[in-house]
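Chain nomenclature is as follows: A, B, C, D, E, F, G, H, I and J, assigned in order of appearance, with residue numbering initiated at 1 for each chain independently.
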Amino acid sequence: MLFHVEMTVKLPPSMPAEQASEIKAKEKAYAQELQRQGKWRHLWRVAGSYANVSLFDVQDNAELQDLISNLPLFPYMEISVKPLCRHPSSIREDDS
Amino acid sequence: MLFHVEMTVKLPPSMPAEQASEIKAKEKAYAQELQRQGKWRHLWRVAGSYANVSLFDVQDNAELQDLISNLPLFPYMEISVKPLCRHPSSIREDDS
Amino acid sequence: MLFHVEMTVKLPPSMPAEQASEIKAKEKAYAQELQRQGKWRHLWRVAGSYANVSLFDVQDNAELQDLISNLPLFPYMEISVKPLCRHPSSIREDDS
Amino acid sequence: MLFHVEMTVKLPPSMPAEQASEIKAKEKAYAQELQRQGKWRHLWRVAGSYANVSLFDVQDNAELQDLISNLPLFPYMEISVKPLCRHPSSIREDDS
Amino acid sequence: MLFHVEMTVKLPPSMPAEQASEIKAKEKAYAQELQRQGKWRHLWRVAGSYANVSLFDVQDNAELQDLISNLPLFPYMEISVKPLCRHPSSIREDDS
Amino acid sequence: MLFHVEMTVKLPPSMPAEQASEIKAKEKAYAQELQRQGKWRHLWRVAGSYANVSLFDVQDNAELQDLISNLPLFPYMEISVKPLCRHPSSIREDDS
Amino acid sequence: MLFHVEMTVKLPPSMPAEQASEIKAKEKAYAQELQRQGKWRHLWRVAGSYANVSLFDVQDNAELQDLISNLPLFPYMEISVKPLCRHPSSIREDDS
Amino acid sequence: MLFHVEMTVKLPPSMPAEQASEIKAKEKAYAQELQRQGKWRHLWRVAGSYANVSLFDVQDNAELQDLISNLPLFPYMEISVKPLCRHPSSIREDDS
Amino acid sequence: MLFHVEMTVKLPPSMPAEQASEIKAKEKAYAQELQRQGKWRHLWRVAGSYANVSLFDVQDNAELQDLISNLPLFPYMEISVKPLCRHPSSIREDDS
Amino acid sequence: MLFHVEMTVKLPPSMPAEQASEIKAKEKAYAQELQRQGKWRHLWRVAGSYANVSLFDVQDNAELQDLISNLPLFPYMEISVKPLCRHPSSIREDDS
């Protein structure tokens, strides 16, 4: 089941550089592990911003909540979620 | 080059049903043709709405404008566009 | 799987009273049938408005889209959707 | 009498982890006590967020204010309130 | 129990003047009857607008919905509702 | 002359509790003094919030500015002001 | 007593040109009469728009409501009002 | 003197196609004439929309108002204006 | 050439009182000097706020930027600017 | 390929003056280097603000992201991006 997720990172200017680097490294490892598991199906940068557009493929709402709330950057992001489903005009069987 | 496009359809209530059906049929054919050409890479319905989230893969901004402004439903949609690029944490070579 | 749905009805002032009555009657029958099936779990009026707050219990996003897009008032409503899941502080096993 | 309440938690990044844990534990105990009393009738997590949707069942506006303003997280939340009442299409006698 | 209600009138420009006059006359009679009953406790014009600020004194949310949804101008107004209660700094016993 | 004033308190989380208590005590004394003078005619709590709805009765705009800008909580509040006048449907001579 | 008033004209596209001309002529005459009386103290066009910024000098809120609600274009304008008073840094005695 | 102008075209769906074509042709001729005069310095399409971003080079605010309010599409556009000036980091002498 | 400028002051709560007083004194001196020069033509307080509405009379956009960016409170204000010109219904030759 | 970029600088008030100066100097050098390379085609100050309007001319979205995310002020700016293309009414061959 697909969800469209937009994340905008807002790190507080007072966060020490070392702490920021550590969180970002954990975020990257976590994001890549979820991609390998097929749960984070797409991950794009929005050009000109510190934001991404993502597609999650999960069992249900509870798994979505579990995956997102464990993002290392979760406390520092504005996140919006939209449930998706197959579009009647889509020609791809494997894209919903 | 990828663009994230959200489209929300707002047909005027006064449009005759026959005219609406005709425009929607043209829209569907057009959308499927662009998908077959690889230019309209993803097309998802936003659940609970008359809206979609799409990914376009185009040569440049001019082609994006050309494809979108020729949508049969173009005069009846609210459309927002975001340029996308590869995310540094993405593990997929073929997704940007 | 639960979804939180808010619906605000915006009938065009030009709609004849008879047509409005007919659509509302169909909407009521449809809403009551979905409640009997357990898919429309809660339905409340927002006091002082022509709007409701609803809880849907569906298999997946596709079923949510199917149920909502078939609402007789669908073309005349502003609808917003939020996916829900169990809250860690909830004491009810049967409410998510 | 039912009220629809949405709460979004915004803890300041500078709050020490121990203090945050303590407040959250108090919040959880308080929320569960109100649920046992039947005053906090529903409590759901909004998937992908640090927010909840709740239904309160209170005597009057004054009790609503009393219950909400005593939430341990009250100073750190954005809260919106909507009065609810029975929907004419609801089939449940016990849900308003 | 008090509710704060703001109403902004948006009559469609296409409404015939006679019909508008008739609705406004009914609205005035209805508003004055509710004031005499003590249910519509205050009614002020917002200077420079076709809007009012009102205080309703009702038994519960259901009565509020009943009174507001029967306003002759209801289909032509934007309405926002806020539940009120006694302020701890108020010196008036009879104002909540 | 009546003005409708909404005030939402936003105390910075870093303010020491003692300082907050002192400001609130001064605010309460000031609010009660203005009520006794008849200048702060109504004061209601918005249920579920740290906000109030108030009615001021002043000589002119300058007095309104004087009263509001001297509120002890003035630097910590979001305040919106609307001028009011008698509504043509009001039945009360003494309420404008 | 001064009020800052912004007016944006939104004539419905379906209004016949003759009717529009007639309303605009009445509006102009009315605006000039109020200026001659000293009640409409300033009237500026916002460059690049069909909007104005105005300063009204009135006895009280009731007179403001009377003057604005009688504007021939009143049903076709979005209007916002702000009460003004003397600024402590102003050097002009005659400008408040 | 430069002004940044954004224009979004909102033609009413009920406008006959012939009338729309005529207005658009006049708009094009007008826009090209102003470009030749050097007053409409830049004109870009916002990709994926029926909108443009423009730079006007005018004597003063009055000329800006004159040029914009005479656009054939003026009654059918949402227009926003920002005054521009030389940026201290600009390396171009001829671009402000 | 006239510009309409609205300024809302947002001093950070952490600013020491002495520093705030010093900046405000400089702002007052600066504002009065510009008024004496005729460049800051009007300055009004918005009643019930820490905000002003001002009219600047400048040679061009560059001078406007110069005057505003040198305000001592500039880093602590939200500022919005609108270019003004003579309104066709204005009866004053000396007010644009 | 052209992109329209608006940047608004929001330096935290707590940033030491020396650090701010250093970042601004780096930003200026970076902006001028990109202008010399032809990638930052236009750079204007929005009069009365700490903001700019810019035109970037880049190979693709990825280069846009690269240039913007390396701005020394990037962590302290609100940035919005719009893809541009040739307008059908433009008379300039060299402006898209």
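Everything below uses one rule, namely that contacts are C-beta pairs under 8 Å (C-beta built on N, C-alpha and C of every residue); 3 or more make two chains touch, one makes a residue touch a chain.
By chain, UniProt protein names: A, B, C, D, E, F, G, H, I, J = Muconolactone Delta-isomerase.
Remember, predicted model here, so these are calculated numbers, not experimental data.
Two chain pairs, H-J and I-J, are compared here, and H-J has more C-beta pairs in contact (counted per touch definition above). In the CA-based superposition of subunit D onto subunit J, the rotation angle is 145 degrees, rounded to steps of 5.
Separating the centre of subunit C from that of subunit E, both taken as means of CA atoms, is a distance of 27 Å.
Once the centre of each chain is set as its mean CA position, subunit C and subunit I turn out to be 50 Å apart.
Centres computed as Cα averages put subunit C at a distance of 45 Å from subunit J. In subunit G, the residues touching two or more other chains are 2-3, 14, 45, 47-48, 61-62, 64-65, 81-86, 96. Contact between chains, per the stated criterion, is found for A-B, A-C, A-D, A-J, B-C, B-H, B-J, C-D, C-E, D-E, D-F, E-F, E-G, F-G, F-I, G-H, G-I, H-I, H-J, I-J. If you check the complex, the residues on subunit B that touch subunit H are 3, 5, 12, 14-15, 61-62, 64-65, 68-69, 74-76, 79-81. Against subunit B, the residues of subunit H that register as touching in their complex are 11, 13-14, 45, 47-50. Remark: subunit A residues 1-3, 60-62, 64-65, 81-86, 96 touch subunit C in the complex. Those residues of subunit I whose C-beta lies close enough to touch subunit G in the complex are 2, 4, 27-28, 31-32, 35-36, 42-48, 52-53, 82-92, 95-96.
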